[in-house]
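Per-chain residue numbering starts at 1, and chain names A, B, C and D are given in the order in which the chains are listed.
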Amino acid sequence: MTQTVSVALMDALTGGLEIHDLGRPLTVGMPQSPNHPAYWHALPRRHGDMVRADGGSAANDIITMGTHVGTHIDALSHVSQDGKLFGGLDAADALEGGRYLQLGAHTIEPMVRRGVLLDVPAMRGVQRLEAGEEITVADLEATLARQGTEIRPGDVVLVRSGWGQHFDSGDGDTFRGLTTGVPGVGEAGASWLAAQGIHATGADTIAYERLQPGAGHGLLPAHRVLLVESGIYIIETMDLEGIAAAGVHEFLFILSPLKLVGATGSPVRPLAVVGQ
Amino acid sequence: MTQTVSVALMDALTGGLEIHDLGRPLTVGMPQSPNHPAYWHALPRRHGDMVRADGGSAANDIITMGTHVGTHIDALSHVSQDGKLFGGLDAADALEGGRYLQLGAHTIEPMVRRGVLLDVPAMRGVQRLEAGEEITVADLEATLARQGTEIRPGDVVLVRSGWGQHFDSGDGDTFRGLTTGVPGVGEAGASWLAAQGIHATGADTIAYERLQPGAGHGLLPAHRVLLVESGIYIIETMDLEGIAAAGVHEFLFILSPLKLVGATGSPVRPLAVVGQ
Amino acid sequence: MTQTVSVALMDALTGGLEIHDLGRPLTVGMPQSPNHPAYWHALPRRHGDMVRADGGSAANDIITMGTHVGTHIDALSHVSQDGKLFGGLDAADALEGGRYLQLGAHTIEPMVRRGVLLDVPAMRGVQRLEAGEEITVADLEATLARQGTEIRPGDVVLVRSGWGQHFDSGDGDTFRGLTTGVPGVGEAGASWLAAQGIHATGADTIAYERLQPGAGHGLLPAHRVLLVESGIYIIETMDLEGIAAAGVHEFLFILSPLKLVGATGSPVRPLAVVGQ
Amino acid sequence: MTQTVSVALMDALTGGLEIHDLGRPLTVGMPQSPNHPAYWHALPRRHGDMVRADGGSAANDIITMGTHVGTHIDALSHVSQDGKLFGGLDAADALEGGRYLQLGAHTIEPMVRRGVLLDVPAMRGVQRLEAGEEITVADLEATLARQGTEIRPGDVVLVRSGWGQHFDSGDGDTFRGLTTGVPGVGEAGASWLAAQGIHATGADTIAYERLQPGAGHGLLPAHRVLLVESGIYIIETMDLEGIAAAGVHEFLFILSPLKLVGATGSPVRPLAVVGQ
């Protein structure tokens, strides 16, 4: 181990970095799943409410929210199948004192890894995929081929559908797609990604999954394949429009979840970093 | 701009990275300031509460908290002096619709920067500083000299007092130091740091400041100098024990605050990255 | 003053009381206004999570909510007109330390008063009023005449529209009526009620007001007349179906708001009591 | 059934009522148990934040809290013994979808009942009982005898220790008594009360129980006897100073808990009503 940062990292810093923000702003009323506590924020104290004798004043906040609202990562404790979490762990055994002390959000190691964007709409030549459309293995392979990108073990793979445009436009009902559906990676695509040995995968949709019209946010086959069977983290409600527009397909992916002890997920603000 | 990640960054990834986690776990009952809403977490739904026909089940969370609890960053909207925020902005003008739309937490750019640790107790040859002790300019200079470290403009400077040991040991009363005091950078030290042109500074204490015994969390001269006069972000309640033990004094500092629109701070999990 | 309860009250108790519950159950996902923090409840601790050596175990809750969700009462601090609250008090002057210490929810005296139900749909011979329909002065007078009821100064007057049937049926969109409208007392009716010298008035709708189709929850003339000009409390989202079905038009009205210091309203569970 | 309120009740109203408020104000920072989510309140919107074209403006709130903070009532789902709730119901069976749908707070019927105050310090001739002191059966009987009060089946019995004076004085540490203890009804006293066939019982302490110095809020024998074995509700953190000072020992007791579906308790503002 070295006491000084590596030459390569310092060179990168010196050369200048381009940082793409993949996290969405958290605002009251933003589109989110009705299954999770809504994001709320208020200022209990504003400047001027309590001014000290020296003229100083501090303002502060209260936040209430679920951990699966806004841009967030799912911990492996989030989804179970037949009572089992990843690794065959009994979901009841993962609990201690009312928290998932095993496989909880606090066990997600911060990620500083190679990241890859799969820009599916760009491959298809469309602005965005259609509601309820499945992203197939053929789609994933064609996107890689078009981009000349390869997936390596340990990568974080971000799959863009273009659906985040509905978040940007404030069309929460379409973004959620509870009745109209959402495009996403199907069970086969999830299995294919898992076979590449990736570490995590993300999407610009609310649930990563392909949600068929009228099906709500119920069946979650990709969650089962990724979280339960493969131990691969899922990141949702990402903003992938910016890196797509910039044509960035490979990057240093950074994600540092809050160490929420015993939780099933964490809000995050992931970054894609490239050198200039 | 390049579509592929820079050679230097890829080399860094290939060579292996050592990631030091500077964020503290968020747990119910952890030491925090009584001025801010306490961190609470619960599982509204556990596995087994609602099992789908296919055997799948999802657990989820509710979180309530202030933004100045646990490891967090202060936005420039957090502190005002004589009614003014950084840049002379009237605090009332920064508000819109009940949020600090100017200088709020959402305006903090993610940080991927050179970071420096100033290990003051190591320079002093003590395990940790004393309650209420001021970290002076002489202390800062002596620490830099001993370490052979330099501060450059744009850096993030982390000042260790060793006080985080009280967080680790669960001694919340001593960590908070409401009656007994907390060691920290004084007004002169803050001005000296600001003069170096740094971007942000952090500490392993609850309020960054030197808090004198019996003074509570009231007078905040370093906050005034840093946030209001200099536009320098403050990071509090950091875990600096690990990097200190590893002797890491320079690193790639990573911090990506939640984009909490209009808030005065954000919980974070900062990272110190070195190459191997 | 007497040390023993009055003979009349004891007789009433001895004779048996019939208690009608006018409060709606608080459940996650219930219909509520999007302007207010949604009601959420979770059990941080369930039985079995932490069992003491003696075999005992306690379960507990966390609640987050606005104060204008579910059945609730509006404090006089809730609505201002041209910057003024009831009595000409400047809204800014009512604030102290970030709370409405004047006219806040904690200043609402518990109510043990004569109550009157005005069953407007029964007068009209319909199941319920139509979306966006105004309850006029003529409606109020015709209802009183049909019922043979009189309004006395100090009374609490509950005006039924039948709209609560949509809450019961779980049709939140219609109950809220953001696009389709809600029936309610108009400005003229509110003025007429105020002229009777009543103490408070309630309804089985989300905002008491007549909301015209497409107008959202914006213009609130009855709130202005009642809260700001007359100091008359408003109670919303009441369950008036039961007393209407029972034909109860006069009763002992009981309402005991939580003493939420500085708040603008409180959730309540009002009661209508009649002797048997 | 009658359509008009009973003659006795109307007479009571006509004659004038004296209403004693037994609920404590809910304020941020008030003394409460560390086992439960703290009470927090903020104004997401103040007057002036968003003013409509017609000059109207609405302020509103966000609340987060446990249900066992402030003056509150325990539902029968709150405490179990050896996995069983009242009536031998298995605690796990009372749960449905993550809530105690059986014996939850929503199942507590509003109370309009005969109430009795047992003023133990008045009997003893002291201002208040001592920390950790047990209220014995002899104490209860001597208090009844001194007052000339009788307990009848179905009554609500409030047992005053005077400990609420520490709440009033803001001495939260003493009020909580985690290390120093709290006076209260012991196991024998609880059994004696249960044998009278009462409906509910309350106290001016944080946990109703006698808490021995250094024992924390752990062992809860009165909770077991009352909630689990007898189905008798417990009301805590009441303000009994006012009715004691007024010498009121019998009254109409009114308590209307929020219908929090599946919760283990509810904040309340109970009333003691006497005729004049």
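Convention: a contact is a pair of C-beta atoms (placed from the backbone, for glycine too) under 8 Å apart; a residue touches a chain by one contact, two chains touch by 3 or more.
The structure displayed is predicted, hence computed values, not measured ones.
> When you check each chain against chain C and chain D, which touch both of them?
A, B
> With centres defined by CA atoms only, which chain is the most remote from chain B?
C
> Give the chain pair, either B-C or A-C, that is connected by more C-beta contacts.
The greater number of contacts lies at A-C.
> Between chain B and chain C, what distance separates the C-alpha centroids? Give it in angstrom.
Computed from C-alpha means, the inter-chain centre distance equals 45 Å.
> Distance-wise, how many Å sit between the C-alpha centres of chain A and chain B, to the nearest whole number?
Here chain A and chain B have centroids separated by 24 Å.
> Compute the distance, rounded to whole Å, between the mean C-alpha positions of chain A and chain C.
42
> When you check chain B against every other chain, which residues touch at least two of them?
Residues 37, 40-44, 46, 62, 64, 95, 98 of chain B each touch two or more of the other chains.
> Draw the chains as points, connect those that touch, then say whether the picture is a line, ring, star, complete or other.
Graph shape here is complete: every pair of chains touches.
> Under the stated contact criterion, what part of chain C meets chain A in this complex?
29, 34, 37-38, 40, 43-46, 49-50, 64, 95, 97-98
> Where on chain C does chain D make contact in their complex?
Listed in rising order, the residues of chain C that touch chain D are 1-13, 15, 17-19, 21, 23-27, 35-37, 41-44, 46-48, 52, 54-68, 70, 77-83, 85, 91-92, 95, 98-100, 106, 109-110, 112-114, 218-220, 223-224, 246-252, 254-265, 267-271, 273-276.
> Using the touch rule from the top, collect the residues of chain A that touch chain D in their complex.
Residues 28, 40-44, 62, 64 of chain A touch chain D in their complex.
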